[in-house]
Structures are given as structure tokens and as C-alpha cells.
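Please read through the structure below; I'll follow up with questions.
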């Protein structure tokens, strides 16, 4: 069991957003999180990463209780986070962005790590000396994912990777992530998405979040049915 | 209770407390105290001028003392030349306002970024300080008024009732005038902020680009706000020149400029009562600490307590770190949350709020 | 032929040595709904910024209802009747929902009229109940609605929408498409969007940008079939 979340509550100031989230994710699983806007998807990822304090409940990762750990400690334990809006370093080159991702690695040399990661992201290879901010949105998203992988995470939290990205790069991201899943059977991923095709192609299970709780779990093929989707997210279409 | 009625209650409270303060103080307090309070209140008008342009207009001006000093000097110089105070008072408002408008025009229409805006206003203040400071010789005079350089201008004739130069306003009268001015400024600004203009400048502070994209010209609104702030600061300067019958270039100094900002930070940006509370509170505290000085013992603690700048500095740092929003907004939040908690316990099981 | 609502002639924008937009000639008829697609970095957002006065074009002209607005200020263009909903919602975060909409409505109507407009708009964007919530505390999707409300409340002739469906759930995308069609009954629109499903729901004519210039302009079906578009933009999706 990789991640165990029990009764997790959090919010912004006095406004409660998560009201007791329960779920588990096994090692090697790719799990999607689906929900209407405002139901707490991004908040859940932020709470898992430690950016928001838990006001209730527990989070265990690989046997350790990480409920009260600071984000950088969680990162050292193997949690990787690719936030919505990508947040690469716009003033650094692609190569330096990747080097930033390697900072906490002790197990291998920087050049070796970057070379390995670049194998999965061929599009970034010719761009290594480009400034991050000069990349297109899609390339920045690839860079953000690649940088996260440089840290050698065991669990990756991916927040809306397709937002504002052209269709051809979305396909590339799907292909890259699927390849990674095959190449590394132990890599675990939680992804928050609105793009149903994307989430259906990548996830083995999909958790539906409603009003700050996980209310349902569905199989990806169920997302082909438009009526079911309306039901899942709480609005009849 | 709705927000609107809370608002009215607050206004009523300020009015009643203000009027009571104005009419009771001279009857209950010694003349010395009344004199001290007068200068605190004059400075509170100055604090409000920055409270408007920084707290609501989002313009961080390091040079509010420039307009304050210009107002004081304009009044002094005009008074020596004219002798009757109606025109000098008007000049003390119009001149700083015009200067603010000119400076503002170049800054806002030149699209100077916020940081440089601070640098420019500070520089202008220091230029004024240095220029006026070096006018000590007898050859520096405007009409009958000698500028006096670093010595300043002493013996400034006091205000009189409009039109009658012999009906001079005495010290107690200055207290009434200053307090009434502060109350009028406060309520005037409340009206201004409740108007369409006031709501638009707050919108511009929140998101200038969006304000532009729905059709408001931020440059014009900022210029108008800045000019009103300049006029108010000038008026405060006029009152100040009257209070001590004296004005010197230190009025343009760095210390003075910094103080105004500190008052607003401590009291709270985005409120009007905050700058008043911050200003009067800090001045009272500095005076109280300053009074300790001569009697201070020789041990370390009494030395520390006698060091007013050290203590004020620590207070400021503590505020910036612990109460960044300032006194009044923080207190208001605490009161509101107590109020809400009281209500929430009555109706449990609210829907969880939505947010991402 | 009637005068077009919007026209650009050889519109170009250089940043340093980079030509983000090059010689774009674009025409939009009165009441038209046009979609703009293209890879990230193709110059769509820069194009929008030039139309709204946020950037002064390096070269070329923008004509809107006969006025040359190439050098006009953003607020002047807004007053002439172009509104824009930006990609990252640009709203007044420190104010509540009602105050946000009021700021827009009070530019075109005073007092009671503005108040009436605000109430109508709150109803229309479905945020009447959230009217006194601080906009900065709302979820991403709700802030999108607030921004749309702001833009609509100024009653523009032409609305530019930069990725209106980004970050929206499946059913919200449907709702947005419906709203866009409804807005189009009275106003012209240019919509930048990546979601092809969304585009198929709303558009007839599509303009494809690539590397700063217009690659082609055609109806949705032909665009989806075009091999060039497939190569640079759609990937395999178009074949599906």
C-alpha cells in the first residue's frame, strides 16, 4: 500500500474544502480524480503535498505518517507535484530547470538522471539551452513533468496537465506517461483532470469527488457514457 | 445584522465619539494636553491623505511630506505678504494640489512602475528639503517673507476668521478647528469612497488591467486620487504651520516621510479609521517615551526604555511581521469572527463552501 | 458588401527579434462567431492583445467599426465595444462578486440601471447566491464565470474569449458552449480554444494560426480533415 488517506480535512482559513476524504492508492497504480469545479480537487493535491495543513484525518505514505510533514520533507520521501499552471522557472534554461529537479537526488549523477529522463521526452532534447519562459505552453508542460521525474518520485501528483495545451501535445503527454507506466511498474500517479479522454486513457481507477468527499469510484470505460458522467459530477446533463 | 447597518453604526459611532472628543476635551484637559492633542489631530489629517492614496488608490507615495511641507510654506509665505488668512489657506491647498497634479501627470501618464513611483516621490521630497534648507541668506525671500533656510520661518501669523484679520483664532480655537477638520476629512473621504469614483479607484487598485479592459482610464483616476491626497496633505501643513507658528525644512525630511507611512502601516491600509488610530497612537507613544528620557536611570533597561526610536522601530517590525494588515483591519476581523462564531453555533451543519 | 465589424491589415508584432505575429489580414463580419486555433505559441494571445490595446502593433492596422484603433488605449477600445475574457481569469480578487460586476455595469448605466444590470447578470452567470463572496476565494471555474459576467455587463459589440473552456468539467463545457451560442445571438465573438469538441459545438468558421500567421481559414469539417492542421496541431485526434 503506497498512499493511505483517512478522513482528510482541510480548507482555506475558516472555509472548509475537504470534509473527510478517504482513499488508498497502491504502488504502481494510476488513479484519476474527477469532479465539478469547486469540489476540492486541487485542494486535495495541495493537502497531499503539504501546502495546506490538514485540519483533520491522517495521510500515510509508504508506511510513514506524513500528515504534519512540510512539503520539502514529503518531496524527499518521494512525492512529486506538478501544479496547475506548470510553474517552471521561466528565467532558467530548460537544462537548468531539469537540474533544479535533481537537487535532492543522492543516488545518481545529475547528467545521468537528466539523460535518462530526456529519453522519455525527445521533444525537449533540442530545447535544452532555451529559456523556459520562451517555450510554448505545451513544451512547458512537458518540461514541468520531466523536471518532476528528475527528482525520482515514487508518487506523482499531476494537476490539470492538459489545460491550455494543444491537442497534439496532449497526445504526446498521454503517450509519454503510458510509456513510463510500462517502463517503471512501481511509479504511482494521481491525476486531476477535466479532460475526460485524457483521464480515461491514463487511469486504472477514477475517484469522483463531490463537496469535499470521495463519493464514488468508477472504471475508465464508464466515462464513455455521457449520462453517467453527468451523474458522477453531480449535474444531470 | 447586515453589512450595511454595521457600516452605518460605525459611522454613527465615529461621529458621536468625534464630537464628544471635540467638545469635552478643552473642558476636561489642561491646556498643555489640548495643545499636544491638536498636533496629533493635524497629523491625523496628513495620515488620512496617505490612507486615501495608498490604502485605497494603491499608490505608495514616499513623498506625502512634500505636499505637507509645501502647504505649510505656502501658508507662511502668503501670510507674511497678505496678512489676512483666507487666501493663504486656499493657496496652502491649491499649490500642493497643483504640484501633486503635475508630478502625478508625469508619473501616471508616463506609466512609471510602482517601485519607481516610490523612488521619484522620495527624491522630490529630498530635493525640496535640500533646496529650502539652503535658503538661509537674506537674499532668499518671496515678497515680505524671508525663507530662512535651515533656520525655518518663525512667527507665522495665526489664522483669522475669514475676512476679519483681527478675529484671530486662539489655541483652543485651533483645537476645535483641527478636530472639526479631521472629522470633515474623515466623513468627506467616506462619501468619496462610497461614490462611483471611490469604487472605481479601489477596482483599479485590485486589478488595473481589468479596469482598463472594461473601459476606465486608470491614469486619470490615479491622477485625481493623487491630487486629492496632495490637497489634503497641504491643508494639514497649513494647520501645522499655525499650530507652532513655525515651519522649518525638517518638515520635508526623510524622518517625516517615513513616519506617515508607519502610521498607515500600523493603523491599517484600506481603512480610514486605521491611519487616524495609527497616527495618534504612535505620536502619543513617542511623546510618552520621550518624556522618560531625562529621568532615565543608568541601568540597561531604563536606557532601552528611554530610547524612543529603538522602541518605535521594534514596534514597527513587530507590526509588519505579526499584524501585516494593521491594527484596525485585524481587530475588525477578530470581532467579526467572534460575531460569526456566535451565529454559527446556532445553525450547525452548513453546506461546505466551494473552492478549488 | 457591408463593412466588416473588424478588420486587420498586415498586423505584425515583434518582440526583440522574434516575430510573434506576422502580417495577419483578418476580417470578421457583424455578428459572426469565429474560432481561432493553433499550437501554443502561434501568436493567438498576442493577436488578442493587439486587438484590445494591451500591445501596440509593430506594424499594420486594426479597424473596428470603421475606426482605426491600432494606436488607441485599452480603455478607449473597451468603450468602443470590444470586451475580452483573458485566459487566466482577470478579475478584482479583493472585491466580492457583486462589486465586480457593478464596476463593469456602472460604466454603461448609472445607479438604479447599474443595479438592475448587476442583478440580471448575477442571475445569468448563476452566481446570485454567491454575490457577497470574495472573488479571490472562488474556485477557478467560478472566477471564469465572474470574468464573463464582467465582460458581458459592459455590453460590448465584440467579445474575445481566450480559452473559455479551459479547466472546465465536461458538463461545464456544454454549459459554456450553450452560453457562447446565446451570446452570439446579439454579439460577434472570436474564441480561442484547444478543445475541438467545444469548437465543434459552437463554430462554423475556423481560422488556424501557426507561427504568427494565418495558415488557413475554413469551416470546422474541412479544418479537421486538413493534413497540415493535423500535423501541426491535432495529432491523431483528427483521424478519430
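As written, the chain order gives the labels A, B and C, with residue 1 at the start of each chain.
The working rule: a residue touches a chain if its C-beta (ideal position, glycine included) is under 8 Å from a C-beta of that chain, and two chains touch if they have at least 3 such contacts.
Just so it is clear, the structure is predicted and the values come from calculations on it, not from any experiment.
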By mean Cα position, the chain sitting nearest the middle: C
Chain whose average C-alpha position is farthest from subunit A's own: B
Mean-CA-position distance for subunit C and subunit A (Å): 29
Distance between the centres, which are taken as Cα means, of subunit B and subunit A, whole angstrom: 50
Geometric centre distance via CA averages, subunit C-subunit B, whole Å: 43
Subunit B, residues touching no fewer than two other chains: 353-356
Subunit C: positions in contact with at least two other chains: 137-142
Two or more partner chains touched - positions in subunit A: 12, 15, 37-38, 42
Subunit C to subunit A touching residues, read off their complex: 38-41, 87-88, 137-142, 163, 166-174, 194-196, 232-237
In the complex, subunit A residues that touch subunit C: 12, 15, 34-38, 42, 84-85, 135-139, 160, 163-172, 194-196, 226, 229-230, 233, 235, 237
In the complex with subunit B, residue positions of subunit C that touch it: 52, 54, 73-75, 78-79, 83-84, 90-95, 99, 102-104, 106-107, 110, 132, 137-142, 150-151, 153-154
Partner subunit C, residues of subunit B touching it in the complex: 3, 196, 199-200, 202-203, 205-207, 209-218, 353-356
